[in-house]
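The letters A, B, C, D and E name the chains in turn, as written, and every chain counts its residues from 1.
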Amino acid sequence: QGEPAEVAEEVEEVAEEVGEEAEEVAEEVAEEVEEVVEEEVEDLEPIVIGSIQDLSGPASIPGQANAWGAEYAVQVINENGGINGRMLEIITLDCKNDLNEGINAYRKLVDEHEVTAIIGPPLSNPASGWVELSEEDQVPIVGHFMDEVCTTDPDTGEAYPYMFLAEPSCSSQSFAIAKFAMEELGLTKFATLYNTGNAFAVAHAKPFMEYVVDNGGEVVGEETFTWADTDYSAQALKIVQAAPEAVFLSDYVNQAALAYDFLRDAGYEGVILGANTLALPFPDLVKNEVYDLYYLQNYDMLNPEAGGYELFTTHMEDVGTDYPKSNAGFGWDAVQVLVAAMRKAEDPTNGPELRDLLEQTDGVELAERTITIDPATHRPSNMGMYIADYDENMQIRILTYIEP
Amino acid sequence: MNILDITGLRVWYDKIEAIHCVDLKFEEGKITAIIGSNGAGKTTIINAISGMVKRDGQLFYKGKLLTDKSHKVVREGIIQVPEGRRVFAGLTTEENLLLGAYSLENRKEISGLLQQQYALFPRLEERKKQDAGTLSGGEQQMLAIARGLMAKPQVLMLDEPSLGLAPIITNDVFNKITTIREQGITVILVEQNAKKSLSICDHAYVIENGHVVMEGSGDELLHNEKVAHAYLSTTVDEIE
Amino acid sequence: MTEQILKTHNLSKAFGGVCAVKDFNMEINAGRIRGIIGPNGAGKTTIFNLLSRIYKEDEGTIEFAGQDVTSKSQIEVARMGLSRTFQNTRLFVGLNVLDNVKVALDHDGKYSLFSALFKLPFRNKQERMIKEKAMSCLELLNLDEFAKLSPSNLSYGYQRRVEIARALANDPKVLMLDEPAAGLNPEETSMLMDFIKDIQAKYPNLAILVIEHRMELIMNLCDHIYVQDSGLTIAEGTPAEIQSNPKVLAAYLGEEE
Amino acid sequence: MALQLTINGISIGAIYALIAVGFAVVFNIMRFSNFAHGGMISACAFISFFFQRAFDPPPPFFVTVLFSAVCGMGIALLIDTLGYRRIRLKNSPKIYYFLMSLTFAILIEQILTVFFGTDIYGFPSVFKSQTFEIGSMIFKTMNIVILAVSVVILVALVWMINKTKIGLAIRAVAINADTSRLMGINSSVIVTVIFIIAGVLAGVSGVFLGVQYGVFPSVGPSMMLKGFIASIIGGLGSLSGAIFAALALGLIEMFLTFFIGATEATVILFGIMLAFLFIRPQGIMGIIVEDKA
Amino acid sequence: MSAYQTGLIVQISITIMTVVAVFAMTGLAGMFSLGQAAYMAVGAYVTFVLSRFLDIPYPITGIISILISILLSWIIAVPTLKLRRDYFALITVGFSQMILALVLLFEDFTRGSIGFSKIPRMDNLLLVSLVGLALIIFWIRNLKYSRFGRMCIALKNDEIAARSFGIDVYHLKIKIYVLASAIASFAGILMALRNRVITPDSFGWAQSAEMQIFLFFGGTNSLTGAILSAGGLKLLPEFVRDVTLFGVSMQEYRTIIYAILIIIVINFRPQGILGEKEINFKWLKNLYRRFKQSILKKNESYD
């Protein structure tokens, strides 16, 4: 019959034609795909940022929580697609709360890992060494070094171009508690007891006293001690004699707990105000009864309704501790601020561009609230503080939120 | 009978051998003198017996192997009065003496011994509350000997006991050494004053560069021409 | 020529209740050798310590090279040329033998800290001179072969010699030897004696003061001897006088064999 | 007010004294400043804290103190074995002990920091009331206990060192370990005994400091400098001097802080120390022995 | 070279400088001080505080600060060096505490614990510190082999004997201490220039103790030992930074590793790594000589 053979021939011809076309198409497609893929591969190279934290040394507890927060934030961001498709890589180095170490870590990140930006430590000592360096290298630093001197020049008040703070500063925190004490508690006579050797404590106590004086209050006692002292009973006695209505304690929790006990032992029965270091485990550390104590909190950490609840509980589970640490939130927040700027950037690895965008940070979503950075000071302008105390079971109880 | 029998003793300081395979025998209840020039190795031998330096070789004490732990050697009754006094400066004379009796337990016995030493060296009793470091050189030497006797030694090793002593006291000390022998104590005497020590000893060894070069009874050596020349800086005739 | 170089007047020193030296009067002329003997604890070393100003006297005066040195310090009299050895050897174990001798010359080394730091030519010249002088001193005592060794590797007898070499290095006016023959055997003692005589010949103006219990040495060398007992001078005189003095025999020498 | 300040000064002085004695035992006998003492105190504070917390209800206080003393002993032995034994066998200079102790001080603090962090752990309070009042004066119960304990320990130590045979041996070993061996003293054991004593003291101080100031890695070291100063001002070779100096230090510090201020007090205290040593170089209780040539 | 590396080199030269000064003081003259970091503080603070408030260029105030350190160390030395050795260590500890207290007291000038920042940038800091280091090593080496070095060792061994050779022990000690303190304060100025900020925490007695540890680690009697150990131990933490063991980063354990290393060395080599030895280049010279000889010989054989 011969038909099938003809058909077969025809089919073959058609197939050949189609094949040629298909090949062409396939080639075209492949080329296009290749182009696209090439572009994407370029995009997929991760953005490297650094994180300098107190992994060891005297501030390692807050430092490690900070490091955790930053790394966790990076993990979550990457899980959700990174920055416009690009992954983020974070390298954490130790600075031991030591200036020299901090500078070495900074140099290593900038020179060897060529990081785009750096997340800073909770304490100001190492950070103060980067003020000039970051400007010279054009590497933005977003951190939680709450001292004003890390973000603005103490002599001129101008902001250091590459230093940014992602949390309320020491002075705004002190203002908050002072405002609370004067307006809500109606107190006017205050005293302070702090460690002159501790930058954190000094940076709280001084603005606190300024605020009190500026708002018609009175500072009846300013007592100090240094790292070498372990006994504050002489200071406590003097404070009792001066009879203030409230005493402000702004040290780290160890010294603050001691100060609390010395005050109570000396017979002081008034109000005691504290910095955010007086959160848990403070009541476990003091021997006297805890009463009339009000202190600052950055987050409403144990409130399931609040935005940061999940973050803080994850942290507690992850590292196995009983106490929520606001530092986990600090690390998280700093990354959010940085990432927001990177998302807007044309080139997220360009330091000067990031810097300009960071200055315009406005309404960026943090663990709990949003942040807007004041371009004049490089510090948040919209973040207030919670005031908390302890209930009968020594659980944190948030009393109020003080607007900035 | 030999109370102490030493064969093949060697001692090294770092890599230098100071004592080369030496055999020594010490007879019970006798005085054995060891003489030799400076640096010959006399002190080293004494220290080796006390376990104060690392050593090699076999040491038999009363037929049994001797321990090399120095504090245990002392408990065995082998007591060294070290060269150069080495009293405990900062402790009183009396405390130094009491330390000598450290391995004894009986208090009565100790105070008896103390009285014996004071009788032997009255000067020490006068100085008993003084810091031993401020004693005169000779007083320190007396203290060192008395301290050795406080331990009720069976073997007493005296390393240059007459060093820095006045002649009158030197004579005294040598007399006392013979008295000590009479109490049945074996004495090993290392001395520069070869003449004196040879004249009181029963047996003597001459050490040179870490070897025993001669041995014999005290008299024999005293009358040996070589010894007289090398250690007495006299000739045999002069002695006679 | 017989210039009086060192002289004491009623020198006294007590420790607590113990009177170590009482009214000690002594003088020595250049070029002479004098001895001090006495039973143990008589106060001989204390006299040396007083003369070299390690101890402060309770009473009395010391005249050295025509000056009253009672108010001077140990360092000052050492620099004036009063040199000594110690009853127990006190060599500097951290330095080798040569450097031990150099140290004695160092205090009046002429170059300053500045030229030392910058290693100026002047310093090098001075160092060379110091080294030559120290070496010649060692050669004098036949110690040159030990120059590079640490003193702790030397036997006691050699250590004593190094001490003497060190004390001599700085051309002292008075050399005080505290029991130089202690720990030496008779052979070595007689060598030491010859050696002291050599020194005397080589340094005709050097006055030497010796404490010793070895009578052969004292009697051979000294032209005048002081005998101390319980802080007091019980006799003095020439060796012959001393040897036959009954007080000395009773207190110190004992019956000579 | 002056009376209350005096009481407070003596209280802090008592704590300095407890540390100074532990420090002085080693210093006076071994002739080196045992900087590891501070670290040992911290370590014992941690151990006793976890011991206390392991039981419900917690064991009586004196059991904790005892337990901590035993642990102090163990730590002292460990440090001795790892750190000091070889130095001793090699007869190295004293300065190596000092160096070793500095290194151990660093090591212990770091280990504690890495494992427990720098946060402080609060010891549950031992006494029902922290303070009691006599007239208008406020006394801290704990301080009185510490004062009593340090006096008892001191008396026991002074007695032991000056009056017993082992005390004599300890002093002899301190002067010359080699010659002591010739007396039949096992010098190695004696030195170990000294460290054990220091360890026991560190154990006791650890609990007290823990209760008083909380448990954290630098609780010992932060107090140690004061103990060091007191033990030396007290006079080398004198334990009782150390305790007097510690009390004096506490008092002076208290008054200076009250009337002049804490930071200024550090400066003035240094001046006083300098002047004191200038006037009385042998310390409060020391005696000067003229060096003999 | 990256700025990271030059920064490290500067830091290490500063450390070596201080340790070399400590070598002169402790290794040669036997004075154990725990207060050298305080002189670094004096150098750093005086230089830059004066420079800022009086508007004087810092090289000039730097010289003033060194002079002040000299004065201070002299004031400390005069009463204390007459006393026993233990007191000296104590006084220096007290001194370092006092200096830090003063920094806090004059907070208006020093900015207290917050730190004195905005120190000007020095472009050739690397060069300056290397030249400074070379000069200081040259000095101290010369010191060791001069009459002053010998006298120091003599007085360290036996003060009474040293005195009896006319060595003015007291004044010699003062001189060496003053020299060491001047070097420390120079190092302090360099450190401020490197860090661009000065905080009191960097100058505690722990820092001074570290210098002593470095010295003994290398060998108290060896200058080259001191130099090598200071350089090596200071670098160690930087090297360990990137090391992971069993999946654990060693960052936190850096100090522990470092302490254990020191304990091992003191145990098994108590005289320090180099002990008494000095590394010199004699062997190099010898090698060169031998090499030359062998060539000469070959040439001869060709003839």
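Simple rule for what comes next: a contact is a pair of C-beta atoms (placed from the backbone, for glycine too) under 8 Å apart; a residue touches a chain by one contact, two chains touch by 3 or more.
Remember, it's a predicted structure, so these values are computed and weren't measured experimentally.
> If you take the mean of the Cα atoms for each chain, which one ends up farthest from subunit B?
A
> With centres defined as the mean of C-alpha atoms, identify the chain lying farthest from subunit C.
Most distant chain from subunit C: A.
> Report the inter-centroid distance (CA atoms only) between subunit C and subunit D in whole Å.
So the centre of subunit C lies 47 Å away from the centre of subunit D.
> Roughly how far is subunit B from subunit E, centre to centre by C-alpha average, rounded to an integer in Å?
50
> Rounded to the nearest whole Å, what is the centre-to-centre distance of subunit A and subunit B, using the mean of the C-alpha atoms as each centre?
78
> Report, in whole Å, the distance between the mean C-alpha point of subunit A and the mean C-alpha point of subunit E.
Centres of subunit A and subunit E (C-alpha means) sit 38 Å apart.
> Where in subunit B do residues touch two or more of the other chains?
Residues 134 of subunit B touch two or more partner chains.
> Counting only residues that touch at least two other chains, what does the list for subunit E look like?
Correct list: 97, 101, 104, 160, 164, 252-253, 255.
> Could you tell me which residues belong to subunit D and also touch two or more other chains?
Those would be 110, 114, 225, 263, 266, 290-293.
> Residue numbers of subunit D touching subunit B in their complex, please.
It is residues 165, 168-169, 171-172, 175-176, 178-187, 289-290, 292 of subunit D that touch subunit B.
> Give every residue of subunit B touching subunit C within the complex, in rising order.
Listed in rising order, the residues of subunit B that touch subunit C are 35, 37-39, 84, 123, 127, 130, 134-139, 141-142, 160, 163-172, 192-195, 230-234.
> So in the complex, the part of subunit E that touches subunit A is made up of which residues?
Answer in residue numbers: 2-5, 7-8, 11, 97, 100-101, 104, 107, 111-115, 117-119, 121, 191, 194-197, 199-202, 237-238, 241, 251-255.
> Write out the stretch or stretches of subunit E touching subunit D in their complex.
32, 76, 79-80, 82-84, 86-87, 89-91, 93-95, 97-98, 101-102, 104-105, 160, 164, 205, 209, 212-213, 216, 220, 252-253, 255-256, 259-260, 262-263, 266-268, 270-271
> Using the touch definition from the top, list the residues of subunit D that touch subunit E in their complex.
Going by the criterion above, the answer is residues 33, 35, 82-83, 86-87, 90, 92, 95-96, 98-100, 102-104, 106-107, 110-111, 114, 225, 228-229, 232-233, 236, 263-264, 266-267, 269-270, 273-274, 277-278, 281, 291, 293.
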